[in-house]
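Notes to accompany the following structure.
Chain nomenclature is as follows: A, B and C, assigned in order of appearance, with residue numbering initiated at 1 for each chain independently.
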Amino acid sequence: MRRPAGWLGALPLLVFYAFVFGIPLAALLAGAFTSRGEPTLANLRQSLEGGNLTAMIGSVQVSAVVALSGAVLGTFLAYAVVTSRSAALRGAVLTASGVLANFGGVPLAFFWVATLGNSGVVSGLLGLPSGSLYSFWGLVFVYLYFSVPLMVLVMAPALDGLRPQWREAAANSGATAWHYWRHVGLPVLTPALLGGVVLLFGAAFAAYATAAAMGAGTVVPLVTLKIANALTSDVLVGQENVALALSLDMIVIAGLVMAVYLPLQRRSTRWLR
Amino acid sequence: MAAVTGLERPLSPGPARPGRSRAWRAVVFALAGLYFLVPLGASLWYTIHTPTTGVSFAPYAELLTAEGFISSLALSLALALATIALVLLLTLPAMLAVRLFAPGLRPLMEVLCTLPLVVPPITFVAGLSTSLRVGADVLAPTPFWATLIAIQDPGFPVVLVLAYVVLVLPFVYRSLDAGLRTMDVRTLVEAGRNLGASWPQVLLRVVVPNLRSALASASFLTLALVFGEYTVSRLLGYQPFAVWIVTVSGSRGQLSVAVSILSLLLVWLLLLAVSTAFGREKK
Amino acid sequence: MTSKVEFRALRRVFGRTVALDGLDLTIEPGRLVALLGPSGCGKTTALRCVAGFERPDSGAVLIDGEDVTDVPANKRDAGMVFQSYSLFPNLNARDNVAFGPRVRKVPAAVRRARADELLELVGLPGLAGRYPHQLSGGQQQRVALARALALEPRVLLLDEPLSALDAKVRVALREEIRRLQLDLGITTIFVTHDQEEALSIADQVAVLRDGRLEQAGPPAEVYDRPATPFVAEFVGTMNHLPGRLAGDGKVTVLGQALPVDGPAPSGPEVDVLVRPEAVQVSLSPGADPGSGSGEVVAASFRGSSVRLRLLLDGQEILADVPGHEAARLAPGTRVDVRLVERPVLVAAR
């Protein structure tokens, strides 16, 4: 009696999943390896050359830079928050992080265009040359707006998990602050740190709306923009399948990233019991 | 898309740490404050100030009458509510059933619910639009063709709801999983059954009330995602809120920034409401 | 190389709470002194002042006559064992113990060998490769002890190290700590709220209350001759029986005339303090002059002894009798009550 009930409860979800997720994925796989109705690797090959390759590399570069810088900045901010004596400040920053980490997308793009865009409020004050926002570093700068809060949300609990007894026991054994961080603090934080970097990379890599709304596509090659163009363009017939191949490439990269993230996340919870 | 809201983790402030030099912390907060608040202030200023006409709140006044504002907002809201309802209806019974009766299915659930994270929305919509196109051809002679067309109805595109559910699944799963684990659902359900409750009663009176903060967190995430969702909506050709903002930005820059500010405020207020209503709950 | 520790007029205030209110105490080299008292009495604060984790607002901590109040915590040379969760989770037992030597740049082979030695000393041979989450609570505290001893400190500080452990483990471990301490001859300060723990292993017991020292002395002295009512109540159980001073250094209580121990307050009506084990209970009818007739109201079996609650002329008296007499002294039995013939403590009514 018990076993069937388990399957039964999960059945709607499984059926839904198979249809709404499974079919598009299958279509994606099929389309990526098909051209003009015949199985081929041409799409895949095309997705990794010329402009497509540039776009892929561009995306990886932006994501990597955002992930590393966001991780460092986010960790420092999280540490400042966690060691602060003011509970109100903690609450405010953590709530703000919760909102901004989920924010991104279109409004984010418009905020930055209004601030540092060509006719932005601040760009005039700073005398920024025209087009500075629509560059590699401009995009990174914008992406940090949701990446840093995300890192804060990941690191704050991890930093909280550093028990004060460890710090005291280290000092008791003669350690300075440096010794403590080097031998205890950072090693214990490492799984969370790496997990955060990976999470940030994934989020930046998959981002589309912000870049599209900013109109950065002409300057910064991104694979998400390439795929979107291929899907909506009527000019280039037969390009949809290359778009599908590009999508497959993206999924593989994202998959590798996730394969690193999950075991790290499990490890970090084990130590911070 | 973030994985956490900060709601589901009970963060108790640790014991007061030895006073580190306050200087570096002040610097960090100052820089962070600058980076995060200046764009908001600048955007606000951008919406109310024009070099030619000076300060005016006109963009905000025009909001309500702007073409498409109400309709896109209403559409997003309807889609969001439908998504929340559908995702909870699908996930909660499944997770409960697995936890209580079929723990062997748990790894499978976890993999399935985490898989969408590996598929960026742009790739998902690529596969989805292809399926819809191919499906229209393949299913043309069958009665299913009508269903396929119906879910793409621009009045209320159910296809978007279905897509959103997939996108939001990992976050809802994780939120509910944390909630179920914290409340030790098995013990509570057994206690409820021991006291004579029927299954529906157990579900409504035992499980759901204890999951309030997890449910709130999941709902907040879904709402935020649906309102901000651009990729799938645009590439399938619909115009909910986020798409409308971009469409209108071409002609009315100030208006689109004003709407962006309002949408941030909305998300903020939502999170505050959700966390004050359910945050007081003991974890 | 063991040291003398002194607290001089130590004062520490947290906001509105006075944790230490002028504590004066001397701990002689090589002794194990237990700081005993209820929560909030300041014992942990005092200990942390020695370790350097708390800075007193006024007063001083001296080690070997040297004022260490301004010495940073990582230079105090006072090994500390915390109550729980103090092992570094990312290091195995051996590396945890070797941490201090590592900071001092002791060569790897040397410090690892020493760590293994210490682990054997604390009773954990062969567990050197285990990580904290793979060890039980008792094992973790042994590793913590080995770690505290690794740098051969001049003082050993123990902050309620056994409170988080099971009863049996607690008793076994406290005996081992005492044995180790005697072997090494290291000055040790042991903080606890468990008076049985303090009495059983300490050379000196210092009872603290509200940041002040109530009494300090050998366990027997603190138990038999409590200096204040608080100490009398906190350490063990005390009966308060009505008595009358007889003027010749004696007091009349329960029909017996017993010598007064120590100074007597002005009477004539006084409270006589008697430990349950000093109350003798026998079955009625008793022909012995001086015994009253009382009744057993309740009996609490404790294995080796039974605690009886007696009612005698409306006065409640607690008495401890050997366990094997439990059957004969069930509730409802009428008994004769008599006090052991020894000097008794007397307090003002």
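Keep in mind that, in the parts below, contacts are C-beta pairs under 8 Å (C-beta built on N, C-alpha and C of every residue); 3 or more make two chains touch, one makes a residue touch a chain.
Just so we're clear, the structure is a prediction, and the values are computed from it rather than from any experiment.
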Output for shared partners of chain A and chain C reads none
Could you work out which chain's C-alpha centre is the most distant one from the centre of chain B?
C
Ranking chain pairs by contacts puts first A-B
On a C-alpha centroid basis, what's the spacing between chain B and chain C, in Å?
57
Just give me the whole-number Å value for how far the CA centre of chain A lies from that of chain B.
17
Find every residue in chain C that makes contact with two or more other chains and list them.
none
Which of the residues in chain C end up touching chain A in this complex?
51-53, 72-76, 78-80, 82, 84-91, 99-100, 102-104, 133, 144, 147-148, 150-151
Could you pull out which chain A residues touch chain C in their complex?
163, 165-166, 168-176, 179, 183-184, 187-188, 270-273
In the complex, chain B touches chain A at residues 1-7, 9, 11-17, 20, 24-25, 28-29, 32, 35-36, 38-40, 42-43, 45-47, 89-91, 93-94, 96-98, 100-102, 105, 109, 112, 114-131, 134, 162-163, 165-166, 221, 224-225, 228-231, 234-235, 242, 245-246, 249, 256-257, 259-261, 263-264, 267-268, 271-272, 275
Quick check: in the complex, which residue numbers of chain A touch chain B?
2-3, 5-14, 16-17, 20-21, 23-28, 31, 76-77, 80, 82-85, 87, 89-90, 94-107, 110-116, 120-122, 144-146, 148-150, 153-154, 156-157, 160, 164, 167, 199, 202-203, 205-206, 208-209, 212-213, 224, 227-228, 231-232, 240, 243-244, 247-248, 250-251, 254-255, 258, 262
